[in-house]
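Supplied in structure tokens, the structure appears directly below.
Chain IDs A, B, C and D follow the sequence of writing; residue 1 opens each chain.
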Amino acid sequence: MKRYLAKRLLYALLILFLVSILIFSIARLLPGDPIQAAAMMNMDLANEEIINDLRAQFGLDRPVHVQYAVWVKDFFTGEWGTSFGSGEPVFEMFFRRLPVTLELFAGYVFWSFFIGFPLGVISAFKRNTVLDAAITSTAIIGISVPVIWEAIVLIYLFSVYFQIFPPSGYVPFSENPMENILCMIMPTFVLGTHTAGMYMRYVRSSLLEVLGQDYIRTARAKGLKEMAVIMRHAAKPAMIPVVTVIGIDWGYVISGSFLVEYMFALPGFGRMGIDAIAARDYPVIQATLLIVALFILMVNLAVDLLYGYLDPRVRIK
Amino acid sequence: MTKLLSVNNLSVHFSTGSGMVKAVDHISYELNAGETLGIVGESGCGKSVSALSLLRLIPNPPGKIVNGEILFEGKDLLKAGKEEICDIRGNKIAMIFQEPMTSLNPVLSIGQQVREPLMVHRQMKKKQAAAEAVNALKKVHIPDSGKRVSDYPHQFSGGMRQRAMIAMGLTCAPKIIIADEPTTALDVTIQAQLLTLMKQLTLETGAALIIITHNLGIIARYADRVNVMYAGRIVEKASAADLYKHPKHPYTIGLMASVPKLDQDVKTRLQPIEGQPPDLADLPEGCAFHPRCRYRIEQCCAEAPQLRNISDEHEIACWVDVK
Amino acid sequence: MNTKKRKHLNSTHKTRNGSNGVVFAILGHKMAFVGVVIIVSLLCMAVFAPFLAPHDPNDQDLYHVLEGPTWEHLLGTDDVGRDLLSRVIFGARISLIIGIVSTFLSALLGSMLGLISGYKGGMADMVIMRITDTFMCLPVMVMLLVIVAILGPGVENIIIAISVLTWTTFARIMRGQVLHVRELPYIEAAHADGASGWRIMFKNILPNAISPIIVAISITLGRHIMLESIATFLGLGVQPPTPTWGKALRVGYSYLEIVPLYSIAPGLMITLAVLGFNFLGDGLRDALDPRLRGEGKKI
Amino acid sequence: MSNKENNNLLEVNGVSKFFPVHGGFIFKRKLGDIKAVDRVSFHIKRGETLGLVGESGCGKTTTGRLILNLEQATRGTIKFDGKDITHLRKKENQALKRQMQVIFQDPFGSLNPRMTVREIVGQPLIIHRMTTGKGEYLDKIDHLLEIVGLNPGMGDRYPHEFSGGQRQRVGIARAISLKPEFIVCDEPVSALDVSIQAQIINLLEELQEEFGLTYLFIAHDLAVVRHISDRIAVMYLGNIVEVASRADLYKYPKHPYTRGLLSAVPIPDPEVEAKREQFVIKGEVPSLMNPPEGCKFHPRCPRAIPICQERPPLLLEQGDAGHWAACHNI
């Protein structure tokens, strides 16, 4: 297990290195450097001299690899630069907004794991029944509905028409727990819809696949009751393929959180990202991308761990 | 000899894309305590399905036991409740499956799997069952069994996995052991080791053994009586000695003539059975073997023959008396 | 060669023939059939838009701004009095073009790289797979916004950006398939035939590795339509006055409280398109390989 | 083994194949070798069938692949028709396929499911430009199908429409389409039903007579090998442990492994079975990564003596001419 762990960790670091190069390049390879972009935003006319001064100030006159090294060092020391738009340090902006996004992820976990998983199990057991058909069709609709439209429809129904939930805005949990939950129900539901549908389908097909395996027959031949067959013999192997797709789907969850925060005007990390992209606020964009990549790598690492725990063939060679 | 099991008129049907398939069609046979019964036939002849249906392990759907009774110790297993059948599985009747690779759960250790029947049927605590599992593995000659008990199936070789399967099947000292192609996937030297071991262990406990195989040699070496199956039916039933000396059904005769034997002297051409094995979804009228049969008469194409006695303990399902 | 003729073995097993089988399976698959109906309807709508639409999508009728449904404007009008129904009908064109072209490019690029990666192995595989892993760390949606923000909006840029970001999915699927297929005995047989690398890759491996790619293409088509509409919704996609679903949805969102129908209709079209391709993808998956489930997706 | 050059179609001399095993995190390092084939030597005369038997993992399939040049030998030479074929250029290798073909084990895996039977049988003809026009191409394929006992009308069908035996006939038609002199039959009947095996064996024998083919017949079923082969080589863990004529090998096996192998195969006759001596080989086949020192068979051998643990025995002619065995204790 240790070997396996070390291997996954090293691998994640390699990918992190490649991603950081990619992100670093995006801002530099494409037309216009950050200064010019900033200049375009903030200054109407910029003469050469001022620009050159600025370039030196931002270190843009140094060789590319030095710039990269400085950028990486700065990132790890919390020097994430200042936003062109607000002039605020990006690091502070990020940590102020993080709790909102984390709360959103918690909601996603609730909807997709606590609703999607059980529905998948039910539908596998009731396969080819009306219930199965209902669950399966709900799932595929959930997968197909675009986040933005789902948000619009829900806002109209529950905020404009019935006025149950606030249409947008955010109240911190520490300030007013009740209102906090009220304002998070719709966003988390929208974020969870797609993945809940996905997981439901994965769980269903994976469980059906496992139940058709020879070793399930062996377990039955031993005289195990049906419940024991499922809990002891089917559950763990059925989770293996599901766990792997959680890692792959995680990118979708992050994308979704960006859109959800935008639609419901939640002051989270994704909203910051979308605003920064629209404003071509390079320091914020770079930091956002790098943090997103870190998020994804961390979740994938967790998935690898879980995978190793579930499957001894991976753990013990 | 006491009758342990009797199967009467058992039929199992499968619904498939190309229609209803009679995988097992009105078969009847008996099993006595302590004897070894061989069921021989080619792939798709229904030999495995008939064995699985003894423990009602046919996946439903698509399969269904449509007819017959299976009397075990006077009780019809087909009418038994779920609890009762679970009580018999792995306890009174155990099964050893063909593919030791896929028949063991890859995410549970060998020990966890071997001790399970004891915990279910003997109400043993985990610790006691685990100790018993080590013993069971020792009995099937797994070296260093105390340590290897915590290994996972992928760390075992094919032969070792099958040993573990045998250990698992025998832990509760069942009355009947059904071995479904137990050594087909294994090398000949391992095959000989395992079958001899199985035979020896069943002799020790007095259990009856059903060996299902396509290999005529294995039957000859280990079985006391033989059922020959073709296209879902039993076409010949006899004691092993009698069957090999005087095969009477044209299919059995053909099968024996088509297999090269180690003790044949000269290089003679084999005499194959012409044609293809039948498609169960599209069986010919009458006797299913008639299109490939060189002794066929008109009646064969019209009407399927029933088993009939031709001498003591020797039955065939054929209209013709081959000399 | 003088050979005595042998008795022929004429009976064959009755099974459905390859490609016909797939067609029958799709028709028999209820959801897939619904998917096909939806997709064909949308295609017809896009092709025959000028005949179907009651108005010119760009005609402004400033006397009828932000109106609800009337006989004149069946779905109402937008903030400058353009007919919503016509804009939704014409919107199908842009959405489908972007979806189809970007999926085609992405699938072509990804499959070829996956084929090379899987077949050649070694350094080529190493490089392609590390690039793929790197892309997996950056969600497509977020990256799409960044690239379009930098490249500037426009149909071509969107297509390029989407294709560049999504080929990795196809590469992964194809590579996995090739790694499996190339070890099969019939590829060994092709080697024994003396077949060249190209022949083995394209004639022997590719046809056997393509099924999951076809399934993924169907699902990806829907996803790309969704990506475009989201980018346009956020103002980073197709630019006005071109009628698109995403743009219409944006307008509807702004006037949600006044004319709710305005966001329902275009959003429903996007959902239907995605749903149609997902249904078809499901059907194809069951038809092409019943054992292949839940593989290869990401946005 | 000394033999006259011109009489031998194939000569294998001290051929080994090692597969490196890698480990490590990101940077690979070599952990060791799997010695799949280890200093193997034998020859096959024109028109004869050499049977190659052994259990799974003994290297018999790799040996076949080495001969076919589908795998590059680590060391040793393989001479085909007097010419070394271990270091061929692409063109020559291509030409070699015309003289040497293979029939595979798995009739369900060895036919491309997306190709029609005609395409499968015709692929070698196209690659080697053996036909001049479409008409001749189709005629040739029809003829080939006829030779193996299939109806030419079935050429348009896909492999999944055929039964196992028929598929194997297609595989045979593919193998003989280039009119090779030599065919490696790699377990050609072991995946088939018992009643079908004999059909295929007979077909192979008939083809051998008609076209003067030479076979290397690889199989684990000793009864089948005995039936079809003129001479038989027995392999264990990458080594050949015994080579003899068919009659000699089965009547007077010299190597304990051969004896154990023969004894393990049951004979379908209870009376004979009851009288046979049982010579059971204990234990499992050791790993190829880490084979035993000395004679690789010694941990399982009932007749092992101290020297067996120290030195690997040489393959030496024992008593009768042409009967070779590698054992210290005969």
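In the analysis below, contacts are C-beta pairs under 8 Å (C-beta built on N, C-alpha and C of every residue); 3 or more make two chains touch, one makes a residue touch a chain.
Small disclaimer: the values here were computed from a predicted structure and weren't measured.
When every chain is reduced to the mean of its C-alpha atoms, the one closest to the centre of the whole protein set is C.
Just to note, of B-D and C-D, the chains joined by more C-beta pairs in contact are B-D.
Between subunit B and subunit D the centroid-to-centroid distance comes to 32 Å (mean Cα coordinates, whole Å). The distance from the centre of subunit B to the centre of subunit C, with each centre set as the mean of the Cα atoms, comes to 50 Å. Distance between subunit C and subunit D, defined via averaged C-alpha coordinates, is recorded as 48 Å. Subunit D has its Cα centroid 54 Å from the Cα centroid of subunit A.
The set of subunit C residues that touch two or more partner chains comprises 7, 9, 13-14. With touch defined as above, residues shared between interfaces to two or more other chains in subunit B number as follows: 274, 276. Looking at subunit A, residues 14 sit in touch with two or more other chains. Subunit C makes touch with subunit D in their complex at residues 1, 3, 5-10, 12-15, 17-18, 184-186, 188-196, 199, 203-204, 207-208. Subunit C makes touch with subunit A in their complex at residues 31, 130-131, 133-134, 136-143, 145-147, 149-151, 222, 226, 229-230, 233-236, 249, 252-253, 256-257, 260, 263-264, 267-268, 270-271, 274-275, 278-279, 282, 291, 293-294, 297-299.
Taken in their complex, subunit B has these residues touching subunit D: 42-43, 157, 159-160, 187-193, 196, 214-222, 240-241, 244-245, 254-256, 258-264, 267, 269-274, 276-277. By the touch criterion given at the top, residues 68, 70, 93-94, 97-98, 101-102, 104-106, 109-115, 123-124, 127-128, 143, 146-151, 154, 157-158, 160-163, 165-166, 169, 171, 174, 210-211 of subunit D touch subunit C in their complex.
Residues 52, 55, 57, 59, 82, 86-91, 94-95, 97, 99, 102-109, 116-117, 120-121, 152, 154-155, 165, 168 of subunit B touch subunit A in their complex.
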